[in-house]
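Order of writing sets the chain letters: A, B, C, D and E. Residues in each chain are counted from 1.
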Amino acid sequence: MPYAVPFMMLGAVLFGIGLVGFLTRRNLIIMFLCTEVMFQGVLLNLIAMGLRHGNLQGQGFGLFVLVVAAVEAGLGLAIVVLLYRRRGTLDAESWRTMRG
Amino acid sequence: MTAMVQDILGSQLGLSLCFIAVSILVILTAVAYCIYFERKIAAWTQDRYGPNRVGPLGLLQPVADGIKFILKEDFVPGRVDRVLFHVAPMVAFIVAMIGFVVLPFGGRIRWPWMEEGTELLLQGASIDIGLLYLLAVGSMAVYGVVLGGWSSNNKYAFYGAMRAAAQMLSYEIPMGLALLTVILATGALRLESIVDAQVAHAWNLLLHPVAFLMLLTTALAETNRAPFDLAEAEQELVGGYHTEYTSMKFALFYLGEYAHIITASGLLATVFLGGWEPVPFTRLLAGTTWGGWLHWIASSTSPLAGLVRLGVFGGKIAFFVFVFMWVRWSLPRFRFDQLMRLAWKGLVPVGMGMLAVQGWLLYRGTPVHWSAPVAEVLLLVIAGAVNVASGREITGRQASLLRAASVRGEVGGTPAR
Amino acid sequence: MPSRNWRETDIVVVDQPELTLSERLYLPQIFGGMRTTLRHMFSKAMRDRTVVQYPEQKRPMRIENYRGVHRLNRDEQGRVACVACFMCETACPAHCIHIEGAPSPWPDREKYPIQFDIDELRCIYCGMCEEACPVDAIELTPEFRLVGQSREEMIFDKEKLLMVFDQTRHLKPRKNPPITGYAG
Amino acid sequence: MTSGGWVYVTYTVAALGALALYLALPRGRASHRTAGFVFGVASMAGLLTVLRYGLGDPAASNLYFLILSFLTVGGAVRVVTHPKPVYSALYFVMVVLATAALAVLAGAEFLAAALVIVYAGAILVTYVFVIMLAQQSESAAGALTYDTTAREPGWSVVAGFVLVATLAGVILERPWPAAEGEAGVAASNALSIGREVLTRYAVSLELAGVLLLVAMIGALAIARKPVPTDEVPPPDETAPPGETGRRVRPF
Amino acid sequence: MTGDVTQLAVWILLAPLMGSILIGMIGLRGLRDRAHWLAILGVAAALVAAVMLFNDLRAIPNAERAAAFEKSHVVYDWFRADAPTGGRGWFPVEFRIDSLTSVMLLTVLSVSLLVIVYSVGYMRDHHGQGERGYERFFAFLALFVFSMCALVLAGNFLLLYLGWELVGLCSYLLIGFYYQKPSAAAAAKKAFLVNRVGDFGFGLGILLIYWRCGDLSYTYVFSDAGRAALDGYETIVALLLFCGAVGKSAQLPLHVWLPDAMEGPTPVSALIHAATMVTAGVYMVARCGAIFTASPTAMAVVAIIGGATALFAATIALTQFDMKRILAYSTISQLGYMFLGLGVHAPASAIFHLFTHAYFKALLFLGAGSVMHAMAGEIDIRRFGGLARGLKITAATFWIGGLALAGFPLFSGFWSKDEIIHAALNHAPILGGLALLTALLTAFYTFRMIFLAFHGPQRLPPGVEHAHESVAWMTVPLLLLSIGAIGAGGVAMASGDFNIHAWLGPVVAPHGEWSGAESHAGGEDLTLMIVSGALSIVGTIAAWYVYRRRPAIATVVPILLPGPHQLLYQKYYVDELYDALIVSPLRRLGRFCFGMDRYVINTLLWLITAVPRSIGFMLKETMQVGAIQGYAMGMAVGVLLIVWVVLAGS
């Protein structure tokens, strides 16, 4: 099972970087981008796990990750566009009033 | 020395590298001459002669153009995003060029000094997912345009970029659907396998005429060519995404466009026109004299036949390049909403129907020789009939505007259905 | 804040024509159009009939009403016909004419131009000077091939304008001979 | 070195990387950038060392793998730290392309192609599209404050560090069992993926399709600009008369 | 050959379904007033396929029929489940294609086609514009035809149940077509709910079969093995199945929905509440003969309920004034005849009556629709009269339908009804006598309606200037149906495969289950024929006497006999009875439960949730700051905890 463990390590690093980005950036779109970085980490992990088990389930699930990413991008960006139209800014802080 | 040359040419990697080196030169020249032919064809269509001053028949015109491009002032406007402004043309050109590597130019050959039974592929690289690779590379092409348009800090360039992005995203889907139909029928993603399948049966042009038309249409749109050249519509956007570009950077955009056309032509020739097969059905012609020659060209592994096949493939590419130009000088440009409607309400449903029909035929195990084209044409006619039955063509936005006015009673007509 | 920069008055309802099936399919129409262009592409006769290889071949043109480079006419005695009345300079909308007058050395007129410059790059070739001139001294010739390598040499002075007259005299004879005798 | 030793090396590298990330995050002034860069180079070298030597995977000495790892992680860091959104998106394109190349290395060619076509070719173009719509290339006010100031970088970096360290520790210390089936590389092509997805995961595939459809409709419903039907503005009295919604013949 | 037949069956199903789906997809935008073409095309294609199917079946030699008819035609592997006992536990989409199926298909599709054609004329206003929901109507009609064909073609009980419920759904949709009208919406709801009662029993019966046999295909259940597995349970299974039939075919005591269902457009009444859907119960009982005949009790119940319903509904029909309502009760009564036939071991006669009844009852309903069209929606026969002058074709065809319904000699109803009465007299003379009495009443109420509506001095409801004949879209189906109403009885006398008894014989009596049926061929007892013919003539003359000659009688009788008349006029107070016995107590129970839920349980829940709610409130005030990153931080901490616990802890 070549590469499996290094791939997992790489996936973990990507996930961590994406997490930090999501927590620190204030631009709505960049926050979305950071979640996509985390997706990439997960994708690498899935590939690695598939390698480890010697089957294609990891890659099959990778395709579903793609689907989820596409859905997330479509809906998320639609919402971002709507928010931008309202406030004229992409700052996540400008929507702090959205609390119960 | 000879042995070394034989070794290099006798290994697939060596042959591929040599082939790539040669073909880059050839293709760069061809790209430059495309501009010449574009001007010639434009002229002929309009009953003119075209460039005929520089060199005999104007054949040195590309050289003159090149010199002029290099010598012009390389102007960078103020307040542009400098890095992206410089990167964009390179992206456009590189992306357009790297698609060539998987096109199957010449089939299999065997050098005389090689063992019996070993064969080499006369192409850059043969990868398992060749068609997907082409699609992937094609989908990256939009970045050059978008970055160029945005970094110019010019509203016309920006509009052009936005249009191009929307257009290329939209047309990738029907392109994928048309290709999927063929993939489904041939059962292969590897481009050589598709060609082999066509040599063994019939050209996909005959089997899937509607898919061919669809791929041709989407290829026009993906390369930003007329009648889909919304991104550089002169009347509205000055020059579109490359308004602010000058000199060699502009030339890169320009050459990239033609390189893209050549790649698209190669794809069309490979997938639908039997790649390097000179005429369809060579396997049936093997008995006759001339047919025997054609069959030899299509099937022999001798290097000479490979060379002829290269010529045949080049000829097919040239034909499609001609078609691209012919279309450009024949058809008027679409309006943007028409463009989008054609993709989403025309090509995508028809493509999905085509895919479903193809899948059904495969599932039924019906021999596809006549059923596939008949089914596809029928599908097209049905789509047209539905289109006719569905009434007036008013897009969503227009319909809403009209309804708003109609509510106020200021438009006499009924709101669009 | 949805932008509302449209008004209902902007809406024009186009009654769309009813299209037949073949028209809705577009393809037959498209192929028809492509056939037309292909026919033109391969008809050399049409090309040869219509194209004029310009520098070598020229189309006949009506020279009377073409407005090209200016000239300053000479009268019968070879003198400059201008009387330095400044009418053309006044009429010129592009302000490209510059005249400096001086008392005339000849008895039949009071003044004559010692300097007469026309900036050919500034001129819009409207022909107002021609209209304004009381003695038909300034005229526009049918000569349109006007080239130069610097801005300075495109400012034509009196000698050059007279030279133009000498060169184009046979092309376009001076229309109205001067109304002689008004100065005695 | 023992596995236990590598764990501490890994923790150190993660801490170094966290520090570098903390310093490199945009915070309105560029003073820490250089320090961040230095620490970043150090931690990147550490990471590559760990990948190469620390995981007991001889195949990881493949030069391509190391280069691609560098591109992936470096690109991801730039996505997170770059103050200009467009550059963030473009660095992410780089991350995706590098990930796709890694997938090719792992024998997942089809996934790689899908990654490029869908991610780089469609999703990211949409991102770039929206970013560009929202921000011109050089706004008059310079870069926007919310792009150049990070929010609570300290705590976030700590959280990220703890997560990565935990995961890395688990990955290093776990006795990973040997592979169960055949090596997946040989079988991994489009055909077997398709067979897998269309037979075993057929229902999931259908569900994914439904999900996409729903998302498409939802996105349309959200982003579509409504035309006010009942509160259209009153007609402009000064507009020239006779032009109101006139009907014209097409030709 | 079998492949061919299976394909035809698939086309029979697909053609109307495609029509329906296409209308649904493009009807509103593209077709609108042309929507009917797709429905007509689909059903006509199905009819052609059904005729071809009939021919293919006829091509099978007699000796092989029994075997060929028992075959199940599997087209699709639907799903598998663990069988409780034995059996295959396999549910394919399979068809049973035999002579019974083909007769049903021909009946259903031919009547449906004519009704759809009729609807083209009916569903338009005077300007020729389609009504609101025009395309919806045709989509529903085509869907209904699909459902009915699925029910008839089904090769196992699961598919039968599917078709059964689908026709119920279509019936709901079509009765409630004018959903803006409260009465129509209520009628649709009522039909659906009453059917649920029956379907509940039906479903239980199917479950019971599955429990015992482990398989739902006819081939297995009706085989010796299947019947052995059901041994000891036949009565309960048969009664449960019959429960469904009672609901769907509107027999006592679940008949109440059918008269109300007349709120739907008249073609709907003709199609599904007279000719096809309500016959599903008859078809099902005939199909399940193997189960029913094994239980004499069940057969007796079927016969008694059938006979009682026939008489009961006929008496109600005597007093009603709404033309469609009279026809509705008449339908219930005729369905009672069919069940009587089934109960007295004459299934072929029952199916025969189903066949003839489909034509003449559809004809009568469509005629009523034509009258309604001419009278601007008025249907009360007290409000108009003497229409025969204005509506010549309608009156003539209505007469033909009436004669067939009344069992006038040589009309189709005569033959089929006669066979049932004959079998009933042989089997249970009391029931036979009731059936004879019902025949007399049938003739009477039929001609009461005809004389009141079409003869005598012309009277028109206010707002109608003159009675005008309907358009050709409507009259042509009437004429074609009247041919059926006259000639359908001929299949009793025809020879060879066209004789209904010979044709149905191998299916309804393959093992001699329906003992007594095979001895009976149409109309051989001449005495009975004369008696029943005479009864119908007497009824007709009586109606003429009472309503034309001495109309005073008609007005005097209700006054002289107020009790019985009111009893009949109020339909034996069945609705009121149900209301008092079932609906009101249920409603009270519901109100009680609602009160419990609202005040007791809600209070409890509120108290239970108070703790987390107050915690949540405190958290909201302190932790919820409105920034997404803050929440994401919380998620990250949670992920960390999980990673720690799951991975590091182990």
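FYI, a residue touches a chain if its C-beta (ideal position, glycine included) is under 8 Å from a C-beta of that chain, and two chains touch if they have at least 3 such contacts.
What you are looking at is a predicted structure, and each value in this text was computed from that prediction instead of being measured.
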**Request:** Averaging the CA atoms per chain, pick out the one whose centre lands closest to the mean of every protein CA shown.
**Result:** B
**Prompt:** Farthest chain from chain A, comparing Cα centres?
**Reply:** C
**Prompt:** Distance-wise, how many Å sit between the C-alpha centres of chain C and chain E, to the nearest whole number?
**Reply:** 91
**Message:** I'd like the Å distance between the centres of chain B and chain E, where a centre is the mean of that chain's Cα atoms.
**Reply:** 60
**Request:** Report, in whole Å, the distance between the mean C-alpha point of chain A and the mean C-alpha point of chain C.
**Result:** 66
**Message:** Could you work out how far the Cα centre of chain C sits from that of chain D, in whole Å?
**Reply:** 63
**Request:** Specify, in ascending order, the residues of chain E that touch 2 or more different other chains.
**Result:** 627, 629, 633, 636
**Asked** Going by the touch rule set out above, which residues of chain A reach two or more other chains?
**Response** 19, 23-24, 26, 85, 92-93
**Request:** For chain C, jot down the residues that touch at least 2 other chains.
**Result:** 2, 8, 11, 13, 16
**Request:** In the complex, go through chain D and note every residue touching chain B.
**Result:** 86, 90, 93, 109-110, 113-114, 116-117, 120-122, 125-126, 128-129, 132-133, 136-138, 189-190, 226-230, 232, 235, 244-245, 247
**Item:** For the chain D and chain A complex, residues of the former touching the latter
**Value:** 14, 17, 21, 25, 47, 50-51, 55-57, 59-60, 65, 69, 72-73, 76-77, 79-80, 85, 88-89, 92, 95-96, 99, 102-103, 105-108, 110-111, 114-115, 118-119, 122-123, 126-127, 130-131, 133-135, 144, 146-147, 149-153, 155-157, 159-161, 163-164, 167-168, 171, 176, 178-185, 187-188, 192-193, 196-197, 200-201, 204, 208, 211-212, 215-216, 218-220, 222-223, 225
**Request:** Spell out the part of chain C that touches chain B in their complex, as residue ranges.
**Result:** 6, 8, 11, 13, 16, 19-22, 24-25, 27, 30, 33-34, 36-38, 40-43, 46-47, 50-51, 53
**Message:** Looking at the complex, which residues from chain A come into contact with chain E?
**Reply:** 19, 22-24, 26, 31, 92-93, 95-100
**Item:** Touching residues (chain side chain B, partner chain C) in the complex
**Value:** 41, 44-49, 213, 326-327, 329-331, 380-381, 384-385, 387-388, 392-393, 401-402, 404-405, 408, 410-413
